[in-house]
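Alright, structures below, take your time with them.
You will see two complexes here that share chain A, one where it goes with chain B and one where it goes with chain C.
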Partner chain A sequence: MIEFSTYNVIFFSISSFTLISAISVGLVNSLMRSLFFLILTFIGVAGLFILLSADFIAIAQLLIYAGSISILLLFAVMLTPESSTNNGNSKYFLPGILIGIIFTYLMVALVTIFQFNQLSGIHLKKLDFDNTIASIGELLLGKYIIAFELASILLLFALIGAISIVRSNESDFLISLNNKDKK
Partner chain B sequence: MSLIFSFIPYIKRLIVLILILFGLAVGFILSKALFDLSIYSNAVFDFMIDKSSYNVAYFSSSLIGALGIISFIGLVLLVGSWVERRMIAKFQIRVGPNRVGIFGLLQPIADAIKLMQKEVLVPAVADKLLFFIAPVAIFIPAILAWAPIPWGPNMTYLNINIGILYIFAVSSLTVPIIFFAGWSSMNHYALLGSMRTVAMMVSYEIPISLSLLSVVIITGTLNLTEIVLWQSSNSIWLGLLIPFSLFTFFFSSTAEINRTPNDIAEAESEIVAGYHIEYSGMKAGLFMAVELGNAVLLGALVTSLFLNGWFLFGLENYIPPYIIFIAKTVAIYIVLIWLRATLPRFRLDQLMNFAWKMLIPVSIINFFMIAIETTIITNLDSSKYIIYLFAIINIAVFVGLIILWSKIFKIDKFSPEKIAPIFAQKIGGIKAMEGTKSVD
Partner chain C sequence: MIELEYYLIVSILLFGIGLFVCIGKKNIISIVMGIELLLNAVNLAAISFSRYGSEFESQSDALSGHIFVIFILTVAAAEAAIALALCVLVYRHLKTINVSDVSELG
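Presenting the complex of A and B:
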């Protein structure tokens, strides 16, 4: 039996908000609307992180997913035709459902196997650090420095790759301009 | 008799002088009673904790703080537009709104009533849900971002360790909302306007984060209250210590909140207005109100990050600290109005060039310099005077870098024929509007 406390009320309201918006992502027809509900889902997950007193991860969730990844997805959706019309008759309907079932099975298996009691917020609070940012920073630049640097190199590669894809061939461009002038 | 008549023109000024003195006296008495507003919230907390549980007491006392902040925003939204219109009128040698009420003070209320009476037109092909949600949802980040602002000692509503990140994250939520507003209108101009605004906001987030990074690295904290206290304990304003970060933050934030010189989103005289072209009545009014509120929020942020918050050379012991804070905030807001009355708009390509070719590289150089200075400050014991030395060095480097970038690298040289949407052309252009019945 779930006890009626403030924490539980907040938790269940946030989680129901997150779940309803997550389900609506798949159910609505318009891609834009499903993106809107996806942003709501990200915000709800950030709320759950705050409830676990993981403030930095919550803010990172807001900043990276709700603020930036959503913009990327917006521009991706903009480049698809029929983004606003009926999206239900997609040919990826059956594979999508199959993948969804597989992932649900994996998640449920993980949740049942993993012992969250050992790692929940109560046990973390016994460690007694007042500032999550400082401890995360010390870990990132101390223990996990190689992974951190590798991630930054990966991001640099992604940046250079994006620029090299978008960058036009200068000579081709000038030739086309000259042709235009001749016409 | 003639002597008395000759004094009549001065009587008006005398009355104003007496009123000012009276106001000062009343303010002095009030400032004793209202010096620290946090005691009232604490009194409510103590009163409620006797009556009921801890949660109810916490909720009620936090509700009072939230009501205080929201009523301040409401006051700003009411008075701000009047101040802006009157000041711009003064700059442009006009009279400005002076008909409704004394000095036209009731003009904003009349405007609001007019906006509410207007019909809210909804385009027939618009996405109704997103069209209705966007102007309401844009208010949420604008109000949430006020939470970690330090108004005075013990007067921070949300005293969290990640204050700067919080404000940055919450204000980045406006970008998709603006896009939804433009897209759901189902209007080519609104869509293009929102793309323009989103591209501008996304590119100006990078210089903002770099400038905030220099603030964070020099103070060693993300907490806004601690940043203000760092400035007072080292007796220097961060705006003087790192002037380029102040400039970058201020200029880039004008792009984020659509103020002049970066208000290309509402360039209705040159090109069509931006993402809010299809909104009418109070919905358009909500977008305008958010812009105004964000301008004052920018003032509060600049005050707490760069202008030493509620401290003002010892005056904070006599005047209530939040009054000093609000005065500095309003001063920044007036600077924004000054910019709006003075500067023309930048073109979009000028804006983008300025962000990517000037602000970001110079910010990175500035950031590395500040990192080196911070290591020197933290490793030296007598850091009191070396900070002033670094302030002078930073100002010199700031001026030098600007001269370097403007005179030698010449980013203002611009060739319009070289700019084309190559990537979009290669993959077939923007096809979002295909399949929908367009309005035009």
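Presenting the complex of A and C:
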């Protein structure tokens, strides 16, 4: 039975906030509003990370998801103006709801049957560090250094790739410049 | 006491909602939003397993889930940049970003 304590109240309020705003992403008509609900969802997930005592991940979530990825999505919405009011449903709307419900049912049944608590110990794990940042830094530059360097190369390629995809032809650009000069 | 299962159920619900957004919407940007929801659900599951996990041999092994989430964040940022560049490109050529209308090559 769930007793009434501060932690429980905070957990249930944050998780219901997150889930309600996540559902609103799918049900709201305007694409801009659904983007704002997506940002609320990111903030709620960051709150859950704080409850799980993952301070660095929570800050990274706020910076990367709620900060930069949502701004990228905002740019994409504004660069494609005709679609900015349209968050329409595809012809797979009902199958989508059905698949979501079936998946959720199966996985919740799996989690409740499997009883992770008995396997992994009911007690909260007491971590001995004040914050996780120092340990994460040591792990990133020690055990996982190859993956860390590969991630930086991946980011560089993604940056160059995105710019070279979106950039228009250089000759078109020069022609438009010439036309402007003539006017 | 809030235990691992509660966090896992929240994560599963978030994943289900993301699946619904991915499948049920016809706008490419909405589909990208659905993918971000899916990645967030996976992050939540990884962090909660890392928090409530069983005994670890050394202390720093307890943070493997955090490292996982950091790499997922990196890949998500790269993926979002590429996907949105493709959105803008498709819109520039076809004047629409509905996936049902973008069904022909060339």
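Quick notes on this one:
Here, the second predicted complex is superposed on the first by the 117 of 183 C-alpha atoms of A that agree within 3 Å, B and C clash if a C-alpha of one lies under 4 Å from a C-alpha of the other, contacts with A are read in each partner's own complex, and residues count from 1 in each chain.
As a convention for this text, a contact is a pair of C-beta atoms (placed from the backbone, for glycine too) under 8 Å apart; a residue touches a chain by one contact, two chains touch by 3 or more.
Treat the numbers as computed from the prediction; the structure is a model and nothing was measured.
When the two structures are aligned on the shared chain, A:G67 is found in touch with chain B, with no touch to chain C.
When the two structures are aligned on the shared chain, A:T80 is found in touch with chain B and with chain C. In the superposed pair of complexes, A:F11 makes contact with chain C only, with no contact to chain B.
The wider contact with chain A, measured as residues touched, comes from C rather than the other of chain B and chain C.
By the touch criterion defined above, A:I165 reaches both chain B and chain C. Once the two complexes are overlaid on the shared chain, A:S30 sits against chain B while remaining clear of chain C. Shared-chain residue A:A151: touches chain C; no touch with chain B. Of the two partner chains placed around the shared chain by superposition, chain B and chain C are both touched by A:T132. By the document's definition of touching, of the two partners only chain C reaches A:F103; chain B does not.
Common to the chain B and chain C interfaces on chain A are residues 35, 56, 60, 68, 77, 79-80, 82-83, 132, 165-166, 168. Taken together, the chain C residues at the contact with chain A in this complex read 1-10, 12-27, 29-30, 32-34, 36-37, 40, 43-44, 47-48, 50-55, 59-60, 62-64, 66-67, 69-71, 73-82, 84-89, 91-92, 95-100. Within the complex formed with chain A, the chain B residues making contact are 55, 127, 129-130, 133, 160-162, 165-166, 168-170, 172-173, 175-176, 179-180, 183-184, 186, 195, 198, 202, 222, 417-418, 420, 422-424, 427-428, 430-432, 434-436. Within the complex formed with chain C, the residues of chain A that make contact are 2-3, 7-8, 11, 15, 18-19, 22-23, 25-26, 31, 34-35, 38, 41-42, 45, 48-49, 52-54, 56-57, 60-61, 64-65, 68-69, 72-73, 75-77, 79-80, 82-83, 86-97, 99-101, 103-104, 107-108, 111-112, 116-117, 119-122, 124-125, 127-129, 132, 135-136, 138-140, 143-144, 147, 151, 154-155, 157-159, 161-163, 165-166, 168. Within the complex, the chain A residues that touch chain B are 6, 30, 32-33, 35-36, 39, 43, 55-56, 59-60, 62-63, 66-68, 70-71, 74, 77-85, 130-133, 165-166, 168, 173, 177.
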